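So the structure is just underneath, and the comments pick up after that.
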Amino acid sequence: MTYQEVLESAKTCIGPYCKACKECNGKACKSQMPGPGAKGVGDTAIRNYEKWKEIRVQMDTLYENKQIDTTCNFFGKEFRYPFFAGPVGAVNLHYGEKYDDMSYNKVLVSACSKAGIAAFTGDGTNPEVVRCAAKAIGEENGAGIPTIKPWNFATIEEKMELVHEAGAFAVAMDVDAAGLPFLKNMEPPAGSKTVEELKEIAELAKVPFIVKGVMTAKGARKAKEAGAAAIVVSNHGGRVLDSCLATAEVLEEIVAEVNGSMKVLVDGGIRCGTDVFKALALGADGVLICRPFVTAVYGGGEEGVKLYIEKIGTELKDTMAMCGATNLGEITKDMVRVPADWR
Amino acid sequence: MTYQEVLESAKTCIGPYCKACKECNGKACKSQMPGPGAKGVGDTAIRNYEKWKEIRVQMDTLYENKQIDTTCNFFGKEFRYPFFAGPVGAVNLHYGEKYDDMSYNKVLVSACSKAGIAAFTGDGTNPEVVRCAAKAIGEENGAGIPTIKPWNFATIEEKMELVHEAGAFAVAMDVDAAGLPFLKNMEPPAGSKTVEELKEIAELAKVPFIVKGVMTAKGARKAKEAGAAAIVVSNHGGRVLDSCLATAEVLEEIVAEVNGSMKVLVDGGIRCGTDVFKALALGADGVLICRPFVTAVYGGGEEGVKLYIEKIGTELKDTMAMCGATNLGEITKDMVRVPADWR
Amino acid sequence: MTYQEVLESAKTCIGPYCKACKECNGKACKSQMPGPGAKGVGDTAIRNYEKWKEIRVQMDTLYENKQIDTTCNFFGKEFRYPFFAGPVGAVNLHYGEKYDDMSYNKVLVSACSKAGIAAFTGDGTNPEVVRCAAKAIGEENGAGIPTIKPWNFATIEEKMELVHEAGAFAVAMDVDAAGLPFLKNMEPPAGSKTVEELKEIAELAKVPFIVKGVMTAKGARKAKEAGAAAIVVSNHGGRVLDSCLATAEVLEEIVAEVNGSMKVLVDGGIRCGTDVFKALALGADGVLICRPFVTAVYGGGEEGVKLYIEKIGTELKDTMAMCGATNLGEITKDMVRVPADWR
Amino acid sequence: MTYQEVLESAKTCIGPYCKACKECNGKACKSQMPGPGAKGVGDTAIRNYEKWKEIRVQMDTLYENKQIDTTCNFFGKEFRYPFFAGPVGAVNLHYGEKYDDMSYNKVLVSACSKAGIAAFTGDGTNPEVVRCAAKAIGEENGAGIPTIKPWNFATIEEKMELVHEAGAFAVAMDVDAAGLPFLKNMEPPAGSKTVEELKEIAELAKVPFIVKGVMTAKGARKAKEAGAAAIVVSNHGGRVLDSCLATAEVLEEIVAEVNGSMKVLVDGGIRCGTDVFKALALGADGVLICRPFVTAVYGGGEEGVKLYIEKIGTELKDTMAMCGATNLGEITKDMVRVPADWR
């Protein structure tokens, strides 16, 4: 099987909304929900994609010829590549009945772990989602990151139990899910969190706690205060708020604010190894890739995931080789150029 | 009925020019008049729409979870939302025979008032237009804003009488209508006004006087000198002058000039709650939305208006919740980002 | 007859290249020659058009209501409007057999003069072209501007004789025609001129001498040194050199260089009265409009020209009225805004 | 035969990937490989083309009328024009079976030499490619530039022998080929080179050594240290790395860094004489044009090459004449304008 075949196969089973496009750029699905589309006018997902393309790489092949090393370490765990599979929820609703969140996460967590990276798993109103995800992560010796929604405290407490049983090496909360209807209607209320509330949650986590959904330097500062070990610069793929800035646009200023005090991850429109390289050159420690993992699972199951990881990994190595970085630490800001009209 | 159905229904009765587009962005109607099109090349209406989209919002969900409060006060009157229905004239000519200005304004004023906001009504060569609008406003205890064209003084005087009888809480003049042919041919001449003339009119108004059609800091200063209680930053939806700047582009510098001395409203291409949020973040006190209210009335009558108001109001609340503003006063400039190449 | 009918009629007789487009923007004819297309890739004509559209006008209707006065004076002669019909050559080749240069210029010169403006006439390899143009100008008491190509001195001398006989109030030379093949092959060589050569020609002219085809401040300085009374900022509609800047882009810096020492005219893509207003706001004393006069003549003869002049004149008046300028002298730089990324 | 006929003829035989487009701009072939397409998303070839178009020329025809002289000297050899045919490899694979590298280079080297310019020849895994290219160059008395890939030292040594036998006046290495799969798998490893390694190679070259594939000031400095006589600013037409900057964008800063210490050539999207002029105005000493020479050879053989050279040469002369440069030394920076948002 080739990655091209994975995509072709995905087209046959991925439901009516996602088109398993060659370039997963938010255009064919634009403002459709359900489906992978973005909220409102739907241009945030497109902007996420396009802003990475506006960043250009600086080729330089005059350096010592060595093997390219893409290994990295997050919270004491070694990975082959500095990218993760992102969390996705309600896959049956948005991508078709071939998978539900339980079966999807099982395939994803296992395939990622075997290929030397880790998957973030999603969360849902059905408690089985996190339970099953935790189980899958447990079977891979904790090599996966459960993502918990910003529920009320009691609910979070329950879900954290599952995380601990699984031995997950880290846990995330997608705080930008605050606006989702099923959270707003909870009693006691769920959704947005103060720094103090987030601190309690971080303590509850015990393992490194990752705050996903930070788009401002101020937000990063608050996550730090709350004791986060990492943040994910993310606008939830454009699905929670219309008219956001692209993640690529705000990455640098957030990296500057964090200044090494936490790990900084980023997602949104990252679609090839060159995009991963660009994120690292702007100061990210790693990235999350989301939707293409869905097409990989739907189109090829565990093999699809493996092929996609190899594709991205190879592209990252290629880009490093062409820019003169032989390991991740050698990727520097001057290897990319952002447009002059970004701030 | 859903808002989607309102739009579908509007398509069946809204005449040949307006297409009741999902995105009301000035493109399908471009340079057509009659119809909702803009003047000349017709790119001002499109620019109005697009410049709001170029402004991006800054998501931040780390704050205390509270009910979102969108209430506001204009000239002593409480409103549920900081947006108004804008004035439209000659609806039968531009949007089809289902309504005339009299029946249109009646539906609009009543539905807006019941939904907790207020409508601006339009003006026309037929004296019945303002008379009927005033009547409709009177029936809603003054909860509507008659808009008077810049006629000659005697005509304005007559119309102001109707405003007073209706007990309207404020009155507006769309001074940018100065170039319309039927004003130019009046005797004595009507159209543009000096500060002195505008001051006389403002005094005649007795209630707070709103100058609509200001696009420069200088124009705002003149409106202030004339005693205006508020201005509307507006280019008349692109219908009175080709090649204008978008209202979004000039809003900030006008807000800076006004510096709190008058209320500042803005219209032109505002099509969703996120656009309302952006206008407020740039310093506007409120906004006017015009054309979508026409499709709402044509497609759903009073119910259509109600649905549209709920749609926009909900989007505004959502945006506030996702940016960390729990009331209108908490919406700040740093919650949006304008492109670097705007001045 | 309406101007719309003139355009429709032109479509039936204007040959295969020009499409008599509603928006004459250089796109339908792009890189075609013969025909009105531009040289090379053909994007200079398009850029000329588009850069005017990027300049935006600043509406302000708070001023004293007066008649709008568009009259102006060039070299002692009064005109109704600050625009001229531009010179065109080989009309039969480029626009179809309905006219040749002789019959075209006759219609154009007469109709322009009667409507209160003046036409520039073109030049060609056939000596009859200038002879007939001079005759037409003579019949209008000199109200026309013959344009002479940069031939060798003897040829220029002959043509100047005709200008003097006609009593033309001014004469122009399109120095940017230097690259045309029929000039390069002349003996003695024709084409580019030194300041000294141009000075001799200017002296020969006796009447005010207009240098057409200046695109740089340096070029303007040289024209001034040579004794020119005016320059036309022009890139020959994109027909003599690929990849030029638009005339709108260089106008301001040339106006600054000239600093009132000569009249500054500009052409290239000016298609409506708002464009004329913009050119004047950037410091031009007047403008030339070229291709639309061809469609006006082909589609409506003298009446077509008259209608087109009224159309542009009315649009100019409208724009002035909406920006608060009641005569040409009141049109100021702050009434327009150029994009921030122009220099 | 006309150049138009050459293109038409090429369409009939140039294989399925290249479309022999009128504008060779990287769009029709975008991300296809094999074929002339670029790597990854494929936008680098398009960007190369478009960035030249964003640079605009400054017309000025007020100067002394003289013959335009385009001759130049590289490493003691006189050429008619400051452009070279670029190296291409695996033409049968990418452009169709009508030619292989051996027959292609033979036609190209001979036709270029006869027309007064020189061709770069390509390299391949088949040792016959360089052997035949060297033979063709030898037959033209050394008027051609063999391009050697960055193999391991032993392989380079062998190929240099052939260069010396041919008496080539210069030799190039496309160091940006470092990432190609067949180099990565060599034993001992080939690909990227340190300055020290490159210095050894430059010494081996004996004739002036040209480093092709430099995109940064730092890379230029390293080439200089290694003893290069010239560099080619090139991203290999977008074929070795996705998301590169365009060569036009980095040319000026590299010219500034080199500061006359080496010759600077540039390629990538240069498609007309005006583009050549722009490159020279930004400080390049000469340019390479690649793909259009392939269509010229496929469509017209030696005559096709001759016609293409005349076309480009004539366009260059035209541009010089219209900007007031009568020889290459008179082409200055102020004759072009780059967009304000380039750095």
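Going in written order, the chains are labelled A, B, C and D, and every chain counts its residues from 1.
Following the convention adopted for this analysis, contacts are C-beta pairs under 8 Å (C-beta built on N, C-alpha and C of every residue); 3 or more make two chains touch, one makes a residue touch a chain.
Not measured: the values here are computed from a predicted model.
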Exercise. Enumerate, in label order, the chains that touch subunit B and subunit C alike.
Key: none
Quiz item: In the chain contact graph, what is the shortest path length, in steps, from subunit B to subunit D?
Solution: 2
Self-check item: Rotation angle superposing subunit A onto its copy subunit D by C-alpha atoms, nearest 5 degrees
Solution: 90
Exercise. Have a look at where subunit A meets subunit B and say same if over half of the interface residue numbers show up on both copies, different if under half do.
Key: different
Quiz item: So, what's the distance in Å between the C-alpha centres of subunit D and subunit C?
Solution: 42
Self-check item: Centre-of-Cα separation between subunit C and subunit A, whole angstrom
Solution: 59
Quiz item: Listing for subunit B: what residues touch at least two other chains?
Solution: 341
Quiz item: Which of line, ring, star, complete or other matches the graph of chains that touch?
Solution: ring
Quiz prompt | Chains that touch, pairwise | solution = A-B, A-D, B-C, C-D
Quiz prompt | Of subunit A, residues touching subunit B in the complex | solution = 40-41, 43, 150, 175-176, 178-179, 189-195, 198, 213-216, 218-219, 222-223, 226, 235, 240-245, 341-343
Quiz item: Mind pulling up the subunit B residues that touch subunit A in the complex?
Solution: 23, 53, 55-65, 272, 274, 278, 315, 318-319, 321-324, 334, 337, 339-341
